[in-house]
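Shared between the two complexes below is chain A, which has chain B as its partner in the first and chain C in the second.
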Partner chain A sequence: MSRLIGPAARLSALALLLALVLRPDWFEPILKPFTENNAPAIYTQSSLLSLTLAHLGLVAVASVIGTALALVMGVFVTRPMGAEFLPLSRSLVNIGQTFPPVAVLALAVPVVGFGLKPTLIALVLYGLLPIFENTITGLKEVPENVVEAARGMGLSPQQQLFRVELPLALPVILAGIRLSVVINMGTATIGSTVAAKGLGEVIIAGLLTSNTAFILQGGIIVALLAVLLYDALSILENRIAKRTGRLAEVAG
Partner chain B sequence: MTDASQTAAAPVPLSARLDRVGVVVALIAIVGMDWQPFATLKPNRLVSGQGLGLGSALPTFWAAIGIGILSLATILAVLRTGARLRLATGIVSLLMLALLIGLVPAHVVPPDNSFARVSPGAGFWLMALAFAVLTTDAIAKLKLGPLARLLLLAAAIAATALILGSGHWDGLSILKEYATNADKFWREGRQHILLAVASLAAAIVVGLPLGIACHRHATLRGVTLPVLNIIQTVPSMAMYGLMIVPLGLFAASFPIAAQLGIRGIGTAPALIALFLYSLLPVVANTVVGLAEVRRSVVEAAEGMGMTKHQRLMQVELPLALPVILTGIRIVLVQNIGLVTIAALIGGGGFGTFVFQGIGQAATDLVLLGAVPTIALAFTAAVLLDAVIELTERRRL
Partner chain C sequence: MIELDHVSRRFGEQLAVDDVSFAVERGTITVIVGTSGSGKSTTLRMINRLIEPTSGTITIDGKDTTAVSGEELRRGIGYVIQGNGLFPHWTVARNIATVPTLLGWDSAKIARRVDELLALFSMKPEDFREKFPHQLSGGEQQRVGVARALAAEPGLLLMDEPFGALDPIIRAKAQEDLLAVQRRLGITVVLVTHDMEEAIHLGDRIAVMDGGKLLQYAPPAEILAKPAPGFVAKLVDGADRPFRLLSLAPVSSIVEPGTAEGPPILETATLRDALSELLWHRRDALPVTAADGSTRGKISLSNLVAHAGGAA
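Then we have the complex of A and B:
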């Protein structure tokens, strides 16, 4: 899956996304047939740009927090000090991932109220699972002889971790982050049902007023955004995998 | 072997006698028991309530028994004990919690008050979490086989059914919510399972042959998998929304379709969206599973004079089965979660309660939708994991 979409498709998707967000009025003639009773075809309650930025901001903050937590936990359970937690961590990650994101979101509402907070909690909690899982897998997959060679070279455990183990595990960890970002994009959309600001608002407004134009507009923007983000992260991942691939050859 | 007396005589550092997971379990349990309300009492369904500690939520006798048993369990969790004892401790504690919470309504609500709502408080949930973690840890450390895990799952379902059937929890708010929605609950439940399973079945019927074709033709593989990947990336709410347009147009141009119930909203768009999401795991895992079958095995089958078709049905597919089943597990668990969101486009399912509850700020209604969804997804995961392991064993 080295290239999800070709360069031409990628550029046109990006152009379409930018046009939809920055110049929504261009699309009025196309969207107008999907409205009934002279309803507006373009969502104007908030600017689409501000909604997109809020959406991306939410996903970015949640992904950064989730990644940080997952990395610390993943490193901890793969050290001798935290080894006792390893079997439990694996089971909890498996069980946690069977929880539907919307259930996590809905259960956070009674605890912290409506708005940004429950969405952020759901995004962080649910998003850290794939990263945690992949951090454990990535660190456990580093060949024993490489770690021993590093130890033999006189590297301290900390140096072993930062200079050898984490760089070698990076591609797997990045795959986890990519999965987490995609899941978070979706959960953030559902976050609009609990009044978090984001692009889900447009889709929900469309569903509530039976305005298909809104649904199309919101749906296409969210979908394009998610696909492009996924694609960008895949490219990044491949670049790094190539580099560490070379590193692994040298180290092995 | 170390002599027992020798070990006892040597000064063992405290940290070596404590179980680290147990320490975390104990901390959560202690916070839950001593600092958080065990239950919440609300004057009616929507207003916020008042927290009740273990002592005030329960009759003195039961409070004493509860505190005694749960404290003992906490101590056992902290000490380095065998995994079997830890498993028993976890299960007994969870059963104790289930018993205690059911006793609260009768104790704190006067019999003639039908508006008051009693629900489990933060303390209850923290203790449940702590002992669930203890149980999970013990199960992970015991490395139980698939049949033992299935047995545990069956026992857990039986115990829950027994408690629900006995009416012991009937005073709790989530069950009062159930009582007012009982018919709808089972209708939406059936719809939920129907949507999840029907879309999976359709994905298997289409995805398996597609996966086999992709395995044989690299070009087809190069087109199909990226497209399915893009589909998976589209957030579910957007996907459900986008389904409305083509189906709406379809129904508008073919009146017969509308008569068959194919419309922009409802079951049809939900089913199609779920089907599209389900395709990637089925196709990708079929391709991976078939690719993993060793060349020598295929050649041996060829040498035995098997036709291409026989080879596929008798050798390749059976060998690829565990990997294909893993794809099916991913789809089923994913679908059970995604169906929840189908409620937004009138697709029904337990999501109906979740979104209604969010709309009315009624926590109990949210729980009535969320808890069965989680239980379904969890059951499906455990069940299929065990089946996958059994097929893997048979293959060896």
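Then we have the complex of A and C:
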């Protein structure tokens, strides 16, 4: 599994992100040419740090809820008693992925009001598919003779699941979570249209006042966050995959 | 003692095991042999209730296997499968400790037991304890698989094609290891294979199955000398049948008084080895010695030949 960026690039990306968030005024000379009519080049309505933390918090909560839901569903439909629910669950999760998050917001706001709640609903629904599908794939890929050995030695179904199947499926499940987190990182910007605090605020302020400097500022921070998180989760996945001996098998 | 009493198993319309009854003596190796689809694996897996019989009863030492839960039953029975089924995310030590951990042994006792078993299978505990299965050779993985099955000191070991994935040299070594360990621990073994050669070599008794039916259940010598007509006869019929028969008995069984010239043969060697020696050295007889070197008598070609044929 190739990592997205090398250690040097990873460090520079992190440094750039920290500078953008903590010392935005450093970038004024670069961003100034993108403004018109002497508009401010640096977003100052709220601190970028608090917006970034709010954005990360939003994505974290949505990812935790989405992971829990998708994991429970994925485990359920791979058990004998839940097998007949696989087609139904798959359709539901697919609808969650194909229904545009903006439309989910529009439908959710009248029911739950403005702010965090509708945004969380949109993000959770949008991020279910990769985790759900990877949970199913990961569990199905656990070698049959390993599960057979576990049963044959007297592990109960729960012990088989928690001690053998889930640990072995973990790298594949983590790949799904990683994809979902990165998707949510970008999608969370639309939350600002319904007054959820986040980096979308900067981008939307830029759109409303035709200020390209704001759009760039918000966009680059979100993009850097996504790239760094993707990278960090890949490293975690590799570590775990190595421990389960899967990489060694592939590498021979 | 394990007793199967009119056991059948149906999968939908298919009768996988058809009214099978046999008894396995304590401390012996019984080999169930048959082609794929013969019902041999299903029969084995009904003993530890990985598969429940459709009808009939199975008792172990007089106790019906359905008297306890399937999980409790399986924790008391060793189980080895083809390709070993080791847990790839656990170390060798943790793999071996699987059943003792389930049974709630304390960690010091488990650690002692793990080292004891590694030593029994001639693997240095300090070298192997912390290794992961993918760091072991095929033969080592197989030995760890058997060690894991024996961890909680079960009286009964079930083996489903345990040597199927090994190359011939490692397989022969694994078979010798199994025989040595079985003799040393005195456990009962029921082993499934499609290889008649393996069955004759390992089995105290052989159960031949085909199409879900038990066709013959007898010691290897009887299977070879008096095979049931039909499938069993076809299975054992072959150019090397006399040699298989000779490989079952030791030289000590037909040693004669007297002396002979030539290189001596150990009395514990098989008759097949003796025949090979006699032919190679172009002799009619060779001296027989005990392990300590003392002379026991001689073995003659004519006497050997008399033991190599089927029923006259």
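Everything below uses one rule, namely that the second predicted complex is superposed on the first by the 240 of 252 C-alpha atoms of A that agree within 3 Å, B and C clash if a C-alpha of one lies under 4 Å from a C-alpha of the other, contacts with A are read in each partner's own complex, and residues count from 1 in each chain.
In the analysis below, contacts are C-beta pairs under 8 Å (C-beta built on N, C-alpha and C of every residue); 3 or more make two chains touch, one makes a residue touch a chain.
What you see is a predicted model; the values in this text were computed from it and never measured.
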(message) Given the alignment on chain A, is it a clash or a fit between chain B and chain C?
(response) fit
(message) Is A:Pro100 touching anything from chain B or chain C once the two structures are fitted on A? First, second, both or neither.
(response) first
(message) Taking the superposition on A as described, I'd like to know which of chain B and chain C A:Ile65 touches: first, second, both or neither.
(response) neither
(request) In the overlay, answer first, second, both or neither for which of chain B and chain C A:Leu88 touches. (result) first
(request) With the two complexes superposed on chain A, say which partner A:Val164 touches: chain B (first), chain C (second), both, or neither. (result) second
(request) Please work out whether A:Ala149 is in contact with chain B alone, chain C alone, both, or neither, and reply first, second, both or neither. (result) second
(request) Using the touch definition from the top, say if A:Ile42 reaches chain B (first), chain C (second), both or neither. (result) neither
(request) Of the two partners chain B and chain C, indicate the one touching more residues belonging to chain A. (result) B
(message) Looking at chain B versus chain C in the superposed three-chain picture, what is their shortest Cα distance in Å?
(response) 7
(request) Going by the contact rule at the top, pick out the chain C residues touching chain A in the complex. (result) 48, 50, 70-76, 79, 81-89, 98-99, 102, 132-135, 145, 148-149, 158
(message) Which residues of chain A touch chain C once you look at their complex with the stated criterion?
(response) 143, 145-146, 148-156, 159, 164, 167-168, 243-246, 248-249
(request) In the complex, go through chain A and note every residue touching chain B. (result) 1, 3-5, 34, 82, 84-85, 87-88, 90-92, 94-95, 97-103, 106-107, 109-110, 114, 182, 185-186, 189-190, 193-194, 200, 203-204, 206-207, 212, 215-216, 218-220, 222-223, 226-227, 230
(message) Per the contact definition, I'd like the list of chain B residues that touch chain A in the complex.
(response) 19-21, 133, 136-137, 139-141, 225-226, 229-230, 233-239, 241-242, 244-245, 248, 264, 333, 336-338, 340-341, 344-345, 351, 354-355, 357-358, 361, 363, 366-367, 369-370, 373-374, 377-378, 380-381
